[in-house]
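Pasting the structures in now, so scroll down.
Two complexes, one shared chain (chain A), two partners (chain B, chain C).
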Partner chain A sequence: MTGPRFAPGDRVRARSVDPAHHTRVPRYARGHVGEVVEVQGTWPLADERAQGFAEPRIEPVYTVRFAAEQLWGPPGGHWVQVELWESYLEVVA
Partner chain B sequence: MSRVNDVGGQFGFGSIVVEPDEPPFHADWEARVYALNVAMLRQGVYNLDQFRDAIERMPPAEYLAASYFERWLVAIETLTADR
Partner chain C sequence: MSGEHSSSEVAVRVRRLEERLIGAGLTDDTQLDGIIGQILSGSPANGARVVARAWVDPAFHERLLADANQALGELGLSMSTGPQTQRLTVAENTPTLHNVLVCTLCSCYPIGLLGPSPSWYKSEAYRARIVREPRVVLAEFGLTLPDDSEIVVHDTSAESRHMVLPMRPAGTAGLGEAELAALVTREGLIGTAAV
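For the complex of A and B:
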């Protein structure tokens, strides 16, 4: 297995997914750009584990912070931190 | 589709009530439901993500009307009835 794709400080976008099963990407974060704060080691993908997969994918999990103002508009002034698996994230060009 | 549990950032649910010296359980049955779920998880009857999934699969109106541990009980029933 290769190492984590992202590092603290990287800007990432939460994918605009809308799966029919359990997922850990909250609706409010989908499609939004955040910043990686911390790499939290590797964990089995909750989406696959929730579906009873015998061998769920193991992926890096990141703490990603989003500006509240970007998610919900003004006044903002705080951050929202979400723990997201690597496959939930895409590179921001 | 987003499920009924995914309410982060929505208006209308009121503020979180913080009770001073809040007990872990507000009724004996809640402690029993908690213990039952721990036993199910430790025995590998289901895993934590399947448990969360079962809560999220509740019909939306029932989900919103249920208390925290009522949702736990529904999920335990759902996951054991499946077997």
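For the complex of A and C:
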């Protein structure tokens, strides 16, 4: 495993996915852009653990902060911090 | 989503599930009782002790925000009472920033520090609304924040757990650590009350 792909301050997008299996990307965050606040450490990917994989991928988990206005539309005015495994995230150009 | 957790029907279903797991050789009553005992050993009094220490000891306060798991050890507490050790982060309230916790996906909660979670924490209404309109929901709890106060909602969606560090109330300068701890409520540690 290489080091974390993202660092605090990076803008990332939660992937817009709809898997048939368990996942930990809250539906409200899918497709939205947020900012990495913290690299929490590494954990087995919940999606693969839930499917009973003998050796689930170990990935960095990030705290990502989304502006409420980005998630829900105006008026917004607060932040929602979500904890997301690395493979849930993509680079924002 | 799981809804309310409050009927004897659920208890019957849980017991049936336990019997199947025991029958399959995956666990036994002793192990299950041990886990339940660990869960019930948690209490908001633990979280309150951590808060009171942080209020009276600036060096501990700094260590708590930098590495909460390490700092808990100083009070004889740990995040290793469940099946796996959890990382703890402490979110500090300030006059301009308020933190509140939720688990929108299920009911993740720092049980070792706060005890079993209140039923409303697991309700679909709280989980759906606090991420969307926290100011309104907090006002319904009786906590009206200044208009210019920033709010951060922490959705516990992975393997970490969080605890809110409330602000020390005004007029408590003369109180000792134990008296301060007695002021801290479970709701204050979740962020649905000021303290």
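Operating definition for what follows: the second predicted complex is superposed on the first by the 93 of 93 C-alpha atoms of A that agree within 3 Å, B and C clash if a C-alpha of one lies under 4 Å from a C-alpha of the other, contacts with A are read in each partner's own complex, and residues count from 1 in each chain.
In this text, a residue touches a chain if its C-beta (ideal position, glycine included) is under 8 Å from a C-beta of that chain, and two chains touch if they have at least 3 such contacts.
What you see is a predicted model, and the numbers here were worked out from it, not measured in a lab.
> Touch check for A:Pro26: first (chain B), second (chain C), both, or neither?
In the superposed model, A:Pro26 contacts both chain B and chain C.
> Which one hits more chain A residues, chain B or chain C?
Touched residues of chain A are more numerous for C.
> A:Gly41 contacts which: chain B (first), chain C (second), both, neither?
second
> Counting only touches as set out at the top, which of chain B and chain C does A:Val61 meet: first, second, both, neither?
Second partner only.
> Report for A:Ala93: first if it touches chain B alone, second if chain C alone, otherwise both or neither.
neither
> For A:Trp72, using the defined touch cut-off, is the partner it touches chain B, chain C, both, or neither? Pick first, second, both or neither.
The answer is both, since A:Trp72 touches chain B and chain C.
> Does the superposition put A:Trp85 against chain B (first), chain C (second), both, or neither?
The answer is second: A:Trp85 touches chain C but not chain B.
> In the superposed arrangement, does A:Gly52 touch chain B (first), chain C (second), both or neither?
first
> Going by the contact rule set out at the top, does A:Asp18 touch chain B (first), chain C (second), both, or neither?
The answer is first: A:Asp18 touches chain B but not chain C.
> Shared contact residues on chain A for chain B and chain C?
Touching chain B and chain C on chain A: residues 26, 28, 46, 71-72.
> What does chain A use to touch chain C in their complex?
Its residues touching chain C are 24-26, 28, 38, 40-41, 43, 46, 61, 63, 65, 68, 71-72, 77-85.
> Note which residues of chain A are touching chain B in the complex, please.
18, 20-22, 26-28, 46-47, 49-52, 71-72
> Can you tell me which positions in chain B touch chain A when the two form their complex?
Counting only chain B, the residues touching chain A are 1-2, 6, 8-9, 47-50, 52-53, 56.
> Please name which positions on chain C make contact with chain A in the complex.
Of all residues in chain C, those touching chain A are 87, 89, 104-105, 131-132, 134-135, 150-160.
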